[in-house]
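There are two complexes below, and they share chain A, which is joined by chain B in the first and by chain C in the second.
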Partner chain A sequence: MPGDGFRASLSWLHTWAGVLLGGLLLAVFWSGSLVVFDREIDRWMLPSTRLGSPPVDLSLDRLVVPHAQRLAGTAARWSITLPSERTPVIQLEFPNAEGVSTRRFIDPANGELLPDHGSWAATGFLFPFHYSLHLRWRNVGYWLLGIAGMGMLLLLVSGVVIHRKIIREFFTFRPHKSTQRATLDLHNLTGVVALPFHFLISLSGLIIFFAIYFPTVIERIYPRNSAAFSTEAFGNYTRQPSAEPATLASLDAMRDRAREAWGDEPYMLRVWHPGDAQAYVEVRRSFARQVTMNVDRMTFDGSSGALLLDHRTGPVAAIQRFFSGLHFVQFEHWTLRWLYFLGGLSGWVMIATGLLFWTGARRARHQRHGHTGAHLLDAICVCSCSGLILATLGFFIANRALPADLGRFEIDRAALEGWAFFLIWASTLVHALIRGAGAWHGQLLAIGGAAPTAVLLNWLTTGDHLLHSLQQGRDAVAGMDLLLMLLALLALATARRLNRGIANG
Partner chain B sequence: MHSAAKQGRQQHQMDWRHHASLALRVLAGIGGGFACTVALVSVSARLLVQLIGLASHEAVLIACMLGFVIYLGLLLWAFVEPRLWRLCLLLLLGIASDLALQLGPPASLPLITGAG
Partner chain C sequence: MAEVMQLGVFILCYLAFAQLALLQQSHRQKVWRSAAPAPARERWLRRSVAAISFAGAPTALMTVEGPGFAVLLWFLLMAAAAMAVTLTLTWRPGLLRWLP
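And now, the complex of A and B:
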């Protein structure tokens, strides 16, 4: 055993799993907490979509199909996501000429195509970062996330075992004792208070991608026909195009028929092989009022409008989709949404304080013996806490500061925002490697400056200052501005306290 | 003097052996544990279909979801099992169970023909 006895071995495991995975987990928990509010961040980053409540009923055939046929042209598919409480616009998604997924927004009140902002915003950038770190090559990102998820489960179980006086530790917080003591108390407090949340959020994150982590199992049970699994479990319908042209039947009629069958609203319609005689339309049922992200879907023939397949969620698939829904928080419930946000942040604090405790306990010893371990971990910790926050703020600032039209430079504006994020993140790592634990102070001050800058830029470029947003009922924008200012205050207060701590020795 | 050097050499040897066994344990736990999990998930999906007659897609879903819990258990066990040989042996047995089910003609197993 790595340690002397059961508990010592798990303590060893807890330490090393935490040290090796801490940075990765911090990135996942930070981005995960943010994307709980991805639609709200989207409104902030895509100003033309700051619209009022969408109309109750709208005609897809009249408002959306002409745009889709003009924009998507000969794309293999295009999909319409209907407006909702959190997203007041119709979203049209299609692969462009290069096969890259493209989104455009349509005003549901009049069918007007909204200008392209050249931004992936939160749903297009921060959300994929959360589950893939934008490492698409051979699914490397998904596997790293799988390692992080399993590591988190291991850390939680081993943490509970080694902190056996868990109830007493939970009620212990000594902020004015030594920094080291306060750090450990905060680690235990945040770890225990949201323990069930942390466990379930990690497990459900893994269950979402079961097909990526256990691909051979599907192949074993469905030899040479993995697609059959998707059809049976999730109701995927497929057929090849015929190359014979045909016109599209009424989407409104299909939507009405699905609505009648479910007694519930559809949230998305996807047209496959548009313009072809073998076209088919997939209509998906909303899960705004349930945790389970059901896979109820009706598939219609594109040219005749006849029903091809009516799939309802089976009991076992419902369990997998329940775990998915528990993770994705797609149901409409503001109190729960805020609790998810706080739960995610508490996980972030737990991991950060755990890492800080490790380096704090070893810094002096490592310096004496000339080891670089504590220094390196200090740098990783700074870069994945304050560095990642700065990168996120840089992403927001780039979104508001870059000119709308970069036509002359032949650069994808959205990609430029993404580059701002990654370049700032990399430079915070360099800064932390040079300055070690001393980098905290500088980066916290930078956050204190960058967050109000983002708020100011939002005001200057859109005219929506806080009072104006509140007056106009633009809660998402106001909330984003308020949280940015709160972040600045927290960062400055921490920097001040850190300074005092250093002065006191 | 002579005995101190000998002791140091022994200490060095102990250290080396300790590190090697730790490396093997980490490798067995993470890599072997995952291979064993995949094997057990495959076996249980297959058994759920053939013994209980569960629909294939349901068997796959149940087995895969349980897989994460199985892997968590194996990982924890890998780091607390005092006998390293026992860990390696049981992980290999788990992996072998899948191979056996794959290579052995399923129809010849009476259990499976009974439910088939």
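And now, the complex of A and C:
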């Protein structure tokens, strides 16, 4: 129970919110740090998309529309995402015959349809894991993430209040003192130094899903017509198909008209009811050069190409979209991208060291009294740290090791990659439950072996070893290989240090 | 140009945090071994330099990056600089002796 006084109450809150939400927050911060580089991981996982810079101008009518009409068939919509600095391919997305969202990539230089790798890669798997944990039933994942985000804000505020020497120990890290002391120092250091980042990233995560967490706000303002909200805030345009056939007007002309009106590039075009006389085309403006993910969009008649709606981001929507942009990092800014990656990892270290400090302070006492609390939390901590890293590496290894033609046997290759992730993650939990804190050493060694294996498999299956990637200007692939090697070195060094610590008692 | 400015701002923030760290007795001892507490004039000077550096950083960034990116870069570069000062004090405190 909390002691007397404000600080004691907050200390109690900080401890238990951390213990209960720590595992979940570790998963969110780890995946969040990775998806900062989701497009680069995509290049590694989808080798045929490792292309050079896309041409400055390209014809959608000539290169993409024939593929879309052939592949999407009678689908109610299909979307084209244009190539960019980070994604050198055209992405075509449509619901397949079963209604499942499907994407294919097109070479923007010649319009060639690239082979389907059967992988969700980072944008299709790690990114949704970050915001929903792949728990779609009744939005459970979103709600868990909402609780975690709210909990993180509480943890940050309470952490600042209960830290008695926040100024005096601002620049303090004592790795040569006891393990507990060093762990707490690292927890305080990462927590205080990156506090504004952690606060803003948690707050913006909540703001993104405001419509799920606070639906009554929309219901109150737009009673009986929530579609009006989407129209006013985001410029959504809808109309029903007429069942009368019609040919699609030039997408190039619509793109050029939007480009002229904005003085900026579009990033996506979506065709609704293709082939129908009531078809319409949504052209969305890029946000590569600004933090705010604007919702500027122009909607054109699909048959005549006439402008139906020109929506510009309103002032209130712009605030929400600023926070969304701050969280999504869709802008093209490499310094910020790396700083976000490091900031995310510092949050991960902060949460992990908080959990480690809690278990370290109680492990011996709990063992003496036969309590399982510290053992259980040790297992959760191992599984959420080294276990999650191993699961991610298993996902990468499965991507490179599974045969490319599994589709012939009606096996969903992409789903197998996902299963590899979750099965490995579950087995690390079992391992940690059996071995307790002793599982750290084994799992760190496994990371030390798995990361170079992924690099080696990339070389064997694509011919892109590190030097070759660098020579060919494939920075995303080279960066991924280098970070995997760095991860292996860090894991092995930590395992060695743990071993030495155990040997020294 | 933008990258040079970002590096400059990181160095500016590093120097500002180092000035603040050198006001703290425990860090002064690490840097100069047996250091006396900072005299009032030195304290005032170090704080002023830090304040000017912290204020100058976003102003400089604003001119090159625009307000949105400048604000994000400012607090992330400050975090990176504070971490760098801490790691310097942990493993190479003597390096800060070179600071004025």
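In the analysis below, the second predicted complex is superposed on the first by the 499 of 505 C-alpha atoms of A that agree within 3 Å, B and C clash if a C-alpha of one lies under 4 Å from a C-alpha of the other, contacts with A are read in each partner's own complex, and residues count from 1 in each chain.
Basically, a residue touches a chain if its C-beta (ideal position, glycine included) is under 8 Å from a C-beta of that chain, and two chains touch if they have at least 3 such contacts.
None of these values were measured; they are calculated from a predicted model.
Engineer: Does the superposition put A:Ala76 against chain B (first), chain C (second), both, or neither?
Structural biologist: It touches nothing on chain B or chain C.
Engineer: Look at A:Trp12 in the shared chain and tell me whether it touches chain B only, chain C only, both, or neither; answer first, second, both or neither.
Structural biologist: First partner only.
Engineer: Which of the two partners, first being chain B and second being chain C, lies in contact with A:Ile218: first, second, both, or neither?
Structural biologist: Touch status of A:Ile218: first partner only.
Engineer: Going by the contact rule set out at the top, does A:Leu113 touch chain B (first), chain C (second), both, or neither?
Structural biologist: neither
Engineer: Who contacts more of chain A, chain B or chain C?
Structural biologist: Chain A has more residues touched by B than by the other partner.
Engineer: Just to be sure I read the superposition right, which of the two partners does A:Ala261 touch: chain B = first, chain C = second, or both, or neither?
Structural biologist: Neither chain B nor chain C is touched by A:Ala261.
Engineer: Chain C touches which residues of chain A in the complex?
Structural biologist: These residues of chain A touch chain C: 168, 170-175, 189, 193-194, 196-197, 290-292, 322, 325-326, 331, 333, 335-336, 339-340, 342-343, 346.
Engineer: Enumerate the contact residues on chain A facing chain B in the complex.
Structural biologist: These residues of chain A touch chain B: 1-2, 6, 9-10, 12-13, 150, 153-154, 157-158, 203, 206-207, 210-211, 213-214, 216-218, 220-222, 229, 232-233, 314-317, 319-320, 323.
Engineer: With touch defined as at the start, can you tell me which chain B residues reach chain A in the complex?
Structural biologist: Result: residues 22, 25, 38, 41-42, 45-46, 49, 55-65, 67-68, 71-72, 75-76, 79-82, 102 of chain B touch chain A.
Engineer: Touching chain A in the complex: which residues of chain C?
Structural biologist: 2-3, 6, 17, 20-21, 24, 26-27, 66, 68-69, 72-73, 75-77, 79-80, 82-83, 85-87, 89-90
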